[in-house]
Every structure is written in structure tokens, then in C-alpha cells.
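Two complexes follow with chain A in common, the first pairing it with chain B and the second with chain C.
Entry: the complex of A and B
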């Protein structure tokens, strides 16, 4: 296996690069459809990285995880969201955002740098193939939280959560590739239930409140004595 | 065997509730099975209190002192809330909506019961995540714009917390390469001295931030008063009484692991984070306008008290922390039953709109007053005893600053809670208020009596098996 390691490492580096790029894409895109597309791309990059680690570290269990992730994240979750969330929401081009895009991107850049330094204190990746995964996973996590904070629409917020989970897994498979299979299988299924439940909630919100712009939900506050 | 039964029975109840077989079946099945689960949980806990941890499946399904305490509390509140739901939810006209309520109720309870039973951290994460997800529908049950808004804030903030905490749990796993112990809570305590301090701290911070959001620790508490005020009252009792405790239980599990490493002063972290929550919540209590939010902020305060107590260190502080977990779960669930009864009688959540409750609706007024006095920590009720034991342990440990702040915040919250309730319960009712016309459903009245009794009894008498269980629970914090 040793002679393949450099090739696997650079392929994994490519996958991690695509992962980080799509995390930026999630933050920068102004279209609901684009958001979903970047999430698909990010999930595919995650799957690619898991497969490469499975080969490089010879952990066949991870192939099962990769397969489950492939089935659930890029395929099932977008399909579920399409089914449950009213189509009108996806037609919308402009997504309201708290900050404008250039300044969000600047902050995102700073967060990525911070992640590289923070990654020093996390445990190192377990193999030679995947040393890039920990800093990029941490960057993805911070970017996901930031995306969640600046978005004001229901679906992009939800996708922000999935991006955080993706990032946790990207770093996770590198740190602990031999996590028990039961646990690793539980993670994607968990996300599936999240998509199901929040999808329904988005529809109800649309029906009751008339918008999925959740940033506008402001009726529950201490000051407003209705 | 009984642990497996506890894992299966609520799922069975969820299935039965979901079947369209009449309006009475779902509540009856839920109540019956939650009582059976309660009996099983109590018998298992008694065995733990007897000195032997219960092992159903080694390294996966085990029960020690702290786990047993949380398990029993979930089972108790699940049973009383099922009884309260019987009368409270019966007004719901749509039978399908009703069945879905009970199906989700059982799934929610099931997820909460699995958390203390599982000892494999990665699976515990999954179980905690499921408690959040199954709670979403229940919070949104009333289907008003406010309830939907509350459900949205609840789900986004707490699921985000879960996603952040996930990395913390994964980071713990490489520890198992350093020694010959399994990936369980107990195994990690054994391994901790060999693990690098960086790894433990990064895992702890990720879990504290992530699950802190789910527990309602300041500053990620903003969803909590919304969700806990908009959900139906039996669900509030479950959310406030035990759901927050179940997540806090996971954070508490991390303390002995970090302490075992011997190089990290995690207790100080716990005290600081805990005190911030107690302090902010105490001042927020002063300015609430909605009495269900009042009790919700009190939950934030109590989560902080428990975390602070666990961080004060020493056997008596640990005993105080688990004692507080017990009393808070019992008292807070009672408070929300009382608040739910008041809501049935006066149909408003605003403190300012309710006056002279003792005259218009004496039973609910008395219950609300009793709940308020009990949760604020007035003697001789249960919460007073546990708060007093925490303060005494703090003084004994010479942590004067932390103990002094804690005492000050608790006193502020005490006057905040009683000030608001005083205005609601006493005085002249507003002209035209005819709350007496609304009769409290029988099951709600019975629940108030059943849930109120232990608060009074524990104030004056501590049954020896319960004392032994608390000591076992305090020991799981110490190790």
C-alpha cells in the first residue's frame, strides 16, 4: 500500500479542497438552488475523502459509511426537501442575508485561518493520507456555524446544519477511522430524520406564518408584551 | 432484562398510539406503558442503590448511580405527564392530531430513556440528538404562528449544537488506542491519565458548547423560554423537568474524565459557566411578562446551579448536585402542570392579565403558588434542602466567592419568582374574570396531587434507598 500513499494523499487533498470550496460556496451563493447544489458537492467530497481513507488505512467498515453517506446526503436529503418544502420556496432567487456577501466572505476567510491554528490543539489525524482533514473539517465547522448565523431563510439554515455535520465527519474519519460501525451508521440516519422533521416544520411555517424567512420570526420576546 | 424492556416498551407504545383505533386507546396505552416503564426503572435503580451496577450488555447497556437517577426521573415525569396529558390534550378535536401527539410523546420519552442507559459516547450522542428531533413536533403541537416560531428556534439552535458536539465525541475516540479500556464513560475515566490534555480540553469545549445549547446554558439559552412557553404544558414538564437534565447529564459525565487526567482544572470551567447561567437567568426572571417563560428561565437558572455544584468539587458538593437534579426535575415538572392548569382556567399566558387567581380558581391558584414557592427554594420544601446543601458544601470547600455569588443569584431569583406569582395569585380579580366557570379536568387535578406529594415528602423525609441512590450517583461524578 505504501507506494500508493502519496497519490491517495493528494487525491484526498483534492477532495478536502473541494469540500472547503463548497463551504465557501454555501456562504456566498444567493440562490436557493445553488445552496442545495453546493451541499451536494460538499457531501460528494466528503464521501470521496471517506473512500480514500478507507483504502489508505485499510478500514473496510468506512466503505459502508461512505455508501450510506452517498445514499443519504446528496440523494435522499435533497429529494426529501424537494418533496416537503413548497416548491415556491425553491423558485426564489435572492436569499436574504444579514451581512452582504463580500464582508461575509472576508469573515469566512479569517475563520478559515483561525481553524488552521485551532487544528493544532485537536488530536492529529491517524494516518499519512488524511492529515489535511482535521484543519479543513474545523474550518468547515466554523464556516457552517457562520452560515447558519447570517442566513435568514429556513432551507439555507437547515443546509448550514448539514454542513456542520459534514465537517464534523470529515475531521472525524481522520481522527477516529475505527469508530464502531454502529455509531458511524447512526450519524447519517440521524441527519435523515433531521431532514424529515425540519422539512415538515418548514412546510408548517410556510402555511402558518406565510413565509420561510425565519429571520423575520420575532414575536417571542421579552419586550413585546402583547 | 428490565433494561431491554425499558428500551422496547415506549417504542411499542408509540406504535399502538399511532394506530387509528379510537380516541381513548392512545392515551391509555401511553399511560399504562409509562407506568410499567416506571416500575421497571425503579426496580433497576433499587438494584443499583443496593451497590451493584446493572449490566445488560457489557460496554453498551449499563446502569450506574448517576444513570439510574436520571432514568428514574425521566420515567417519573413521563408517567405524570402522560396522566396530565389525558385531560389536557383531550380538548383537541382532530383525532389524527391526537394520535400523532401520543406517538411522538412516546418516541420522545424513549429517546430520553436511552441516554442514561447507553454508555458508549457516540451512541449517547445519537440518543441525545433523537430527543431533540422527536421534541420538534411536540413543541409545534399547538400549530399557532408563535408555536411554529418556537419550534423553529428550538430545532435550529439545538440541532446545530448537536452537530458541533459530534466532533467532540469523535475526538474522544482515539483515547482508546492508548490503553486497554473500552470506549465507554467508565473506560474513558481509566484512560484519561494517558490522554493528552489538549485532546480532552478540545473534546470538552466542543461538547460543552454543543450540548450547552441543548441544556439552555447562557448564552445559547435563547430558544429555551420560547419552546418551553409555547409547547403544551405536559410537554413543557418533560422538556424543562427532564430533557434539559438528560443533556446536562452528558456534560456532567465529562467532568470525572477530565478530572481523572489530573492536569486540567475542569471544575473551574464548570463553576464559571454555571454561575454565568444562574446570574443571567436570575436577572431575566425579574423582567418576564409570561408565567410559563418565568418557569423556563428558572430552568436555565437550575441547570446553572447543578453545573456549579458539580464543579465545586468534593463528595458533599457532588451529592448536592445530584440532589438538586432530583428536586429540580420533580418540582419543575409540577410547576408546569400548575401553569398548564392556570392556562386552562384563564386562557392567557400574560402575568399582567391574571389577578386574584385564588378567588377565581382556588385550586389552580393554590397549585401555582405552591409550585412557585417550591421552585424558588423556600423551606421546608425539597429544593431548599438541596440548594442549602450545595451552599454548605461550597463553604466547606472554601470556595467563598463562587458560593457567595451563587447564594446572591438564588436569592434574586427567589424574589423574582415570588414577586410575579404574588401579583397573579392574590389581590382583586379583574372585573369580568370568570375563571371559576372552567372546571379542571379530573386527570389534571390528580396529577397535581401525585406530582406535588413527593416535593412535600422529600422536604421532611428522605427514604433510605433514595439516599443510597443519590450517594451512588454522587460517586459516579467523583471517580
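Entry: the complex of A and C
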């Protein structure tokens, strides 16, 4: 179980705090733009945490991962989504939710508690960094899954998937900081492809059906000849 | 001893004199952001002088509560001032008379009397505003409690001076619980002081008022005291935020008069920085609909509970 300098550890704690806060923001904000903004903030916090761990544990490979994440998550993916998904979707101020916001926030709170207790009883992996990333990563993971379940619209659901990925990377970097670079590089590119595919799917759905609300897509439609 | 008395008087004088200035700067900054010029930053002082010189009109049907309320609203923040570190680093006479929760309850007493007085005159808009303030108040209460429980878990005390000493340690300063705590407390200030996502302080439309409608019936001296009390409440809350939670530096360490006098502009400067943040929040958000306020404060509650959890289960 390695540990790194207290100054770096406390800065890392700050990054993790921002990460958790934006995970809550993703869940609770009603606006599509706000959702995207919280995703950017979360990704930046993730990058900061990776850089701090890379410096603290002296793993230069992680700097490459951080750079890739910085290029892809806060910059390239929002740009791709804005290009592909029709602008009308982003102008919506009210995202449809299965539960109302106060009760989903309370459930999210319980999930965070569960994550903290799980992280307490998990046995530490060999070579793991002793840091706050594991409980907050776990909490972010659960919150991401919950976002995915509770939102009823395509783009916030997609961002929920990205939040799951972000959170697992946050925890993963701390559990196994010395993973081979090739394995780590796969993740961001994977996300890029997911964003592309789901973006195109959303666009086509919006063209054909006129909405991207998952709740409204209840019945099958025959493909009519155009 | 003499130094302490001087520091104590000075900190009360600072809050009394600085509160209208803070309100004026805030109003001016907002006007500048909206690319207007706005009134001078000393306008609140002139308003207060004007109101103190005017005659007071009180309804015949109003009871003693209506007459007593301006004084309660005015005195409550002054009391709290003596409990918190405004200018000095070291505890003054009344520091151990009440903790943060106590201070919060003293402020709540002012709010309670203001609500009673609003109902007292049977002005149709008063009770509406009063019941809305109560709604916001009871939603804010749990956040307030959890924030201060978290503070007491982290610092081992809820006496503001001791908490302030605790945050001076850098290793504690960057903990996630600290960040979450500050965010929750800022949301609490927005709700308690009636700032924009919760209430629009600049609005003059009675049906949409929350905080403002409680002083509609007042005039002359009573109005001046209500206004001044409201401004002091904002400054006291800002002082708790900047001096205890966010930037615990820059307060007077010694008992020398010059040190205490020098701390005043520094604290005003820190308050000014927070006002910039407040202006950014107020100019970029819209006022929430009344039933969305519960979502806003629900988010604040969850933030504060997560702060508590991450403070208790430490890694």
C-alpha cells in the first residue's frame, strides 16, 4: 500500500470532492446545458486527480493517460455531441425524470453512503495508492448508474454512461496505478466511439420520431416508405 | 484587557458601519455587470439617514409585536457579531457564550419576529411573504444543522474561534469534506439572505416577494432598522463564511490597536471577493419558482450530508 506526499494527497482530496459534487450535479440539474457543463467539470477533476497520482507515485505513463483524457472528455466529446445531436435537444430546460429531484437526491445520498462503507470493507489491492479515490470512485460509479436509470432522455443517459467510465477510471487509477499504458489508452478511445455511435443514433431517432425522450418511445413503428 | 474591550467595540462598530457599504457595493457591482452605472456605493447610508429623519406611521390595529420587531431584527445580528471572529484571531469576551448553532438561533429569532410582525397588521401581502419565508426557513434548517455538525466533527468544536484555528492547518484545508461544506454553506447563505436563486431582493412585485414583503408596512425609523438589520445579517453570514470556513487568514493576531484596525480593510477586501462570487451567481442564474426552492435546498442538504460522511469515514 503506497502513500504519497500529504500536500499532493490533500490536493487530490479536493479534486475528488469536485468530482463527487459534479456527479451529484449530473443527477440533479434540470438543464441539458448544465448536464454537459457538470460532465466537463467532472472530467477536469478526474484529469487533475490522475496528474496528482502520476506525480506522487512517479508513474509517467499516467501523464499520457491524463493528457488523452483532457483532450477527449472535456473537449472532444462535448464538441462531437453538439455537432451530431440536433441543437433543439440542447435548448431544453426541463429534462424528463422518472423520480422527482428531491427523492432522487436522497437515493443518491444513500448510494454514496453505501459506497463509503463498501470501500471501508474492501481489502486493499497490492500496489494501490492509499487515497480517497476508491470511495469517491465507487460513489461516482453508483451515481452514474442511477443517473442512467432515472433520466428519460438520450443525451443525459449518454452522459451517465460517461460518468460511470469517469468514476471507474478515478478508482482504477488509485487501485492499479502501474497498469500498462496500452490497457489504459483503450478507455478514452472507447468512449469516443461510444459518443459517436450514440450521437448518430440519437440524431437518427430525432429525425424519424421527432423526440429523444426515452419515455416517449413506447411503441414500435413501421418503417414507412419515404 | 483594554485591548480586548477595544477589539470588541471595534468589531461591533465594523459590522454596524460596514453592512450598508457591503450592500451598496453589491448593488453597484450588479448594476455594472448589467452594463449600467448604478447608484453610488454609499447610497444605503443616505437611505438610512433619510429614513431615520422621517416620521413613522403605525397602524392602529398593530400590537406591540409590530413595534418591537425592528429592534429585535436590528439587535440579533449585533449579538451574533460578538460570538464570531470578525476582526480578531483570538476569542473575545462573549466567544464562549454561544456556538455557531446558538448564533444561528439568534438570527432565526429576528426572522421569527419579522414573520410575526408581517402577520400582525393583516396587510394581505405580509402573511403571504411570511409563510414563504417560513417555508424556506424550515427547509434550510436541516442544512444548517448538518453543516455545523460536520464542522464540529472535523474541528472538535462548534465555537467559531476554535473552528477558525482548525482550518488554518493546510492538510485539513483541502479535504473534500471542506469543499462540500463550503458549497452547502454558500447555498444556505443564498437562501437565508434572500438572494437570487431563492428570492429576488431587487424585485418590487408584491406577489413574488419572499423576504421583502415582511417590511412592507414599515416606515421611518422602523423601516431603517429593518433594512439595516437585514444588511447586517448578510454581513454576519459573510463573516462566518470568509473568516471561519473559507479564508481563515488575515485576522488580527495581537491585541495591539493597529493590528485590529488593519484587519478591518482586509476583512472588507475578503468580503469584496465573496461579493464578486455572489454577483456572478446572481447574474447567471434566474430566480427559481417557489416550489423549486425545495430542490435547491434539497441539493444543499445532500451536499452537507456527503460532507459529513466524508469527514467521518476518512481515508
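Everything below uses one rule, namely that the second predicted complex is superposed on the first by the 206 of 226 C-alpha atoms of A that agree within 3 Å, B and C clash if a C-alpha of one lies under 4 Å from a C-alpha of the other, contacts with A are read in each partner's own complex, and residues count from 1 in each chain.
Going forward, a residue touches a chain if its C-beta (ideal position, glycine included) is under 8 Å from a C-beta of that chain, and two chains touch if they have at least 3 such contacts.
Computed from a predicted model, the values in this text were never measured in an experiment.
Superposition model on chain A: chain B and chain C are shown accommodated side by side without a clash. In the superposition on chain A, A:64 makes contact with neither chain B nor chain C. Shared-chain residue A:164: touches chain B; no touch with chain C. In the superposition on chain A, A:113 makes contact with chain C only, while chain B stays out of contact range. In the superposition on chain A, A:181 contacts neither chain B nor chain C. Applying the stated contact rule after C-alpha superposition, one finds that A:190 touches chain B and leaves chain C untouched.
Taking chain A as the reference, the larger set of touched residues comes from B, when chain B and chain C are compared. Of all Cα pairs linking chain B with chain C in the superposition, the shortest spans 19 Å. On chain A, the patch touched by chain B and the patch touched by chain C do not overlap at any residue. The residues of chain C lying in touch with chain A in their complex are 170-180, 183, 294-295, 298-299, 301-303, 305-306, 309-310, 313, 315.
Residues of chain B touching chain A in their complex: 120, 122-123, 125-126, 129-130, 133, 136-137, 140, 143-146, 148-153, 155-156, 159-160, 163-164, 166-167, 170-171, 173-174, 183, 196, 198-199, 201-202, 225-226, 229-230, 284, 287-289, 293, 350, 352. Here chain A touches chain B in the complex through residues 121-123, 126, 137-138, 141, 144-145, 148, 154, 157-158, 160-161, 164-165, 167-169, 171-172, 175-176, 178-180, 182-184, 186-187, 190, 193-194, 197-198, 200-201, 204-205, 208-209, 214, 217, 219-220, 222, 225-226, going by the rule given at the top.
The touching residues of chain A, counted against chain C in their complex, run 6-7, 10-11, 13-14, 16-18, 20-21, 24, 28, 101-102, 105-106, 108-109, 112-113, 116-117, 119-120, 130-132, 134-136.
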